[in-house]
Amino acid sequence: MLGEGILKGLAETAKNFAGSFVSKERMTTVEYPEERLPLPEASRNFPFLVYDGTDWEAGLRCVACQICEKECPPKCIYIDKSKDKKPDHVGKMQIYPTKFDIDISICMSCQICVEVCPFEAIKMDSEYELATDDRFGGLLLDRHQLAKPNEYYHKIHPTEAAEVDARLAEEKVKADAKAKAAAAAPKPAAVPAAKPAIVASSVASPKEGEAG
Amino acid sequence: MKVAETSPGFAFEKAPEAEGWNRPPVIEPDGEGELLEVSMGPHHPSTHGVFRMDVALDGERVIRLKPVFGYLHRNHEQIAETTSYLSMMPYTDRLDYFCSLSNNWAYALAVEKLVGQAVPERAEYIRVILAELTRVQNHASAIGFLIQEMGASGTPLMYAFKEREKILDLFESLTGSRMMCNYMRFGGCRVDTSAAWLEATRKVVAGLPHFIDEYEALLSENEILMARCQGVGVLKPELAVNAGITGPMLRASGVNYDIRRVDHYGIYDRFKFRVPLGEHGDIYDRYMVRVLEMRESIKILEQALKEIPSGPVMDAKAKIRGFRPKPGEAYGRIEAPKGELGFYLISDGGNGPYRFRVRPPSLINLTVLEDMCLGHNVADVVLIFGSVDIVLGEVDR
Amino acid sequence: MKTVEQIKAAIEAAVPGAGVTIVTNPSPSAQHSLLLNPSQAIAVANFLREDEELALDFLSNVTGVDYLDKEVAEKVKVTKQVAKTVDGVEQTIEETVEETRKHLEPGHLEAVYHLFSMRKKHGPVVLRMRTVNRTDKVELPSFTPIWRSAEFQEREIFDLYGIVFAGHPDLRRLLMWPEFKDHPMRKDYVEPDDFEYEPTAHDSVMARAKSHEAAGEQASLSSAEAAR
């Protein structure tokens, strides 16, 4: 019979229409600003800089090695390296970024910077309501705006953050052991004692020349 | 032929003179009146983006049709030459933004061929699962868009998007992003799947057959759809092979060529699935081949989810930083939802490719657009174009 | 499937004077290619498509590649007559010296074709053709009459690399607009100096922005810099 197929299709839509009143399964939309879906843990949007401790400036894990700047596909990261060294939150002398800008109007949220960072210093944020009326300045985030505490990282990506903390602790133990061995060794000249411990650890040693 | 004196479009430029090639047939206008040149696009709702067709019409009949590309051209291939291999991975997401995971796989496959990189078992299974999920959501939305262009605004497309949403949620919880996944790496995958993710995937896959049944009940026997699609936009198998058409469009013309079967890339030789073939090569066959391919994809998904082994997802020898392949070249291709997606890489030993070429199925499938449209009404052009299933991000690159 | 050597032999048997050379590929993919002589390429292509055993009916991919002129330094052993004083007596002796000779290898454009067979389900067979140089002798025969799938891809190469495919029925620019002059995928392509404000300008972009600022073109730049 002509029109049978159409009727069959209409029956299907009618079933879904009526069903949406009774079944939560068939009601697939939510009213956004009032109602929000929980974000999955892996969700990523734009990068931020992790700091340890309470002082954002001292606690930044970033040592301005500029690997992320080189690897960033759309080149949205801009870093100026410091000439001097400053103590970080545990009092170790480190090079630090005097300028660390990310232009999130260019950033494409690809997470490459997170993957290449040997210091676990840059991570992905999951905040998504970033609309601003200032197109250039408002979307160009400097290092103060980017710095977020490790606790925040634990809040948005708990599993990943726990893994990172475990890894860093392990590296610290190794580095300490190495430093101790170096101190105990008869020839201290063989070990560059002035080098930051984290760079000396074999696991995280960045190969800057190769990354370029 | 009398031609209206309007702005000179490509449609009226000199007809191809050379003989002996598989050229579109020349159709002579039958009426007395003038020919009309219509520029369909670039901002036409049916063109899935910015794409233009210069159409010469005799009344309602299409006499000539020339596609005009380049509105979304961003020289993707040159970006690759100025960046590193790893940095190129997120750019491949943006080729065919509906199927970013297939693009990732094709690129990873080409690079793995170039350096002879092995991929661990578990990563291969994850790749298959993700690629088949991508295929299901791509075909569902492709059909949705096709029906939308027929005039059924909304309903079938929203049904498809409802299902696509579930799949995109899976992508987001695994890769962190819904569409721009950037997930595969040379020698494996970026992160491992959790048991909870696999469970959620099993649940979604278990619901897919019901969705396809519902979709088919809604569409397959619809008289309007049959009247508009059957016998329209016929593509002959000889022409399809000669013009390099791949994917569901080729199989709808009855040519049995599925790269999953031919190349056995990844671990596709372990799964049992059939390759659906069309008979007439018209729009309806293309629709039907897509529906059947979704059903076959579900079969592959079920097998892969059952057999997935435990183990690492990255090869131990794989390098993230300082990746420099030795000089050489490689062509790697996969069966993407839209057809054969290939990446051709030439390395000169640097940290970025010397030459990076994408073989875009969407662009090459448009080669026969004119042949399929000639002689049909202008309203059918939209439909035929929709049945090719293209994404402009890949056509223009 | 036949190996590259066998395919070469088959071509040379079928097309006399085909002039095919094998280009080896050192990478693990081992996809070696056949370099065709452009004057015989059409005959060879026809043979590859029609041959029962090869049946390469599917041209999948066409790629343009640009190779710039490059200076090649070679170490050559040269035997020279050298006047030398040996034991107080002046003599002319032959001496072998290693010399570095530099010569300019002319650049060329290349079209690479990846062929498969849909009937026999094998492939790829890779064909290459090279132009004489990069400037005026850039003509290659078109494979579009043999495989229609080359139609858009050869147009793209014509557009982006400037290889002129003789016999292509509809050779126009594909991606760039018709008035565009240069070929943007060439290795020595220079971008037009069209300055745009970019908030995170650095390196070359920054240098370009500064030069424009010096010329007083963009007064807003300095204020944007200050905002940073």
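Labels A, B and C are assigned to the chains in the order they are written; within every chain, residues are numbered from 1.
We take it that contacts are C-beta pairs under 8 Å (C-beta built on N, C-alpha and C of every residue); 3 or more make two chains touch, one makes a residue touch a chain.
Since the structure is predicted, the reported quantities are computational estimates derived from the model, not experimental observations.
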Practice task
Could you compare the number of C-beta pairs in contact for A-B with that for B-C and name the larger?
Solution key: B-C
Practice task
Considering only mean CA positions as chain centres, point out the chain farthest from subunit C.
Solution key: A
Problem - Centre-to-centre distance between subunit C and subunit A (centres being mean Cα positions), rounded to whole Å - result: 40
Fill in the blank from the handout: Per the C-alpha means, the centres of subunit A and subunit B lie apart by a whole-Å value of 32
Fill in the blank from the handout: Separation of the C-alpha centres, subunit B versus subunit C, in whole Å, is 28
Exercise for the section: Would you mind writing out the residues of subunit B in touch with subunit A in their complex? Expected result: 83-84, 86-91, 93-94, 155, 162, 165, 169, 172-177, 180, 182, 190-191, 214, 217-226, 320-322, 324, 351
Completion exercise
subunit B contacts subunit C in the complex at 10, 13, 16-18, 20-23, 69-70, 73, 75, 77-78, 113-116, 239, 241-246, 255, 257, 262, 325-333, 340, 342, 344, 346-347, 354-355, 357, 359, 363-364, 366-368, 396-397
Problem - Sites on subunit C touched by subunit B in the complex - result: 25-29, 31, 57-61, 63, 65, 112, 114, 118, 121, 124, 126, 144-153, 160, 167, 169-170, 172-177, 184-185
Handout entry: Residues on subunit A engaged by subunit B in the complex (per definition of touch)
Key = 2-6, 8-9, 11-13, 28, 40-44, 67, 71-73, 108-112, 115-116, 124, 206-207, 209-212
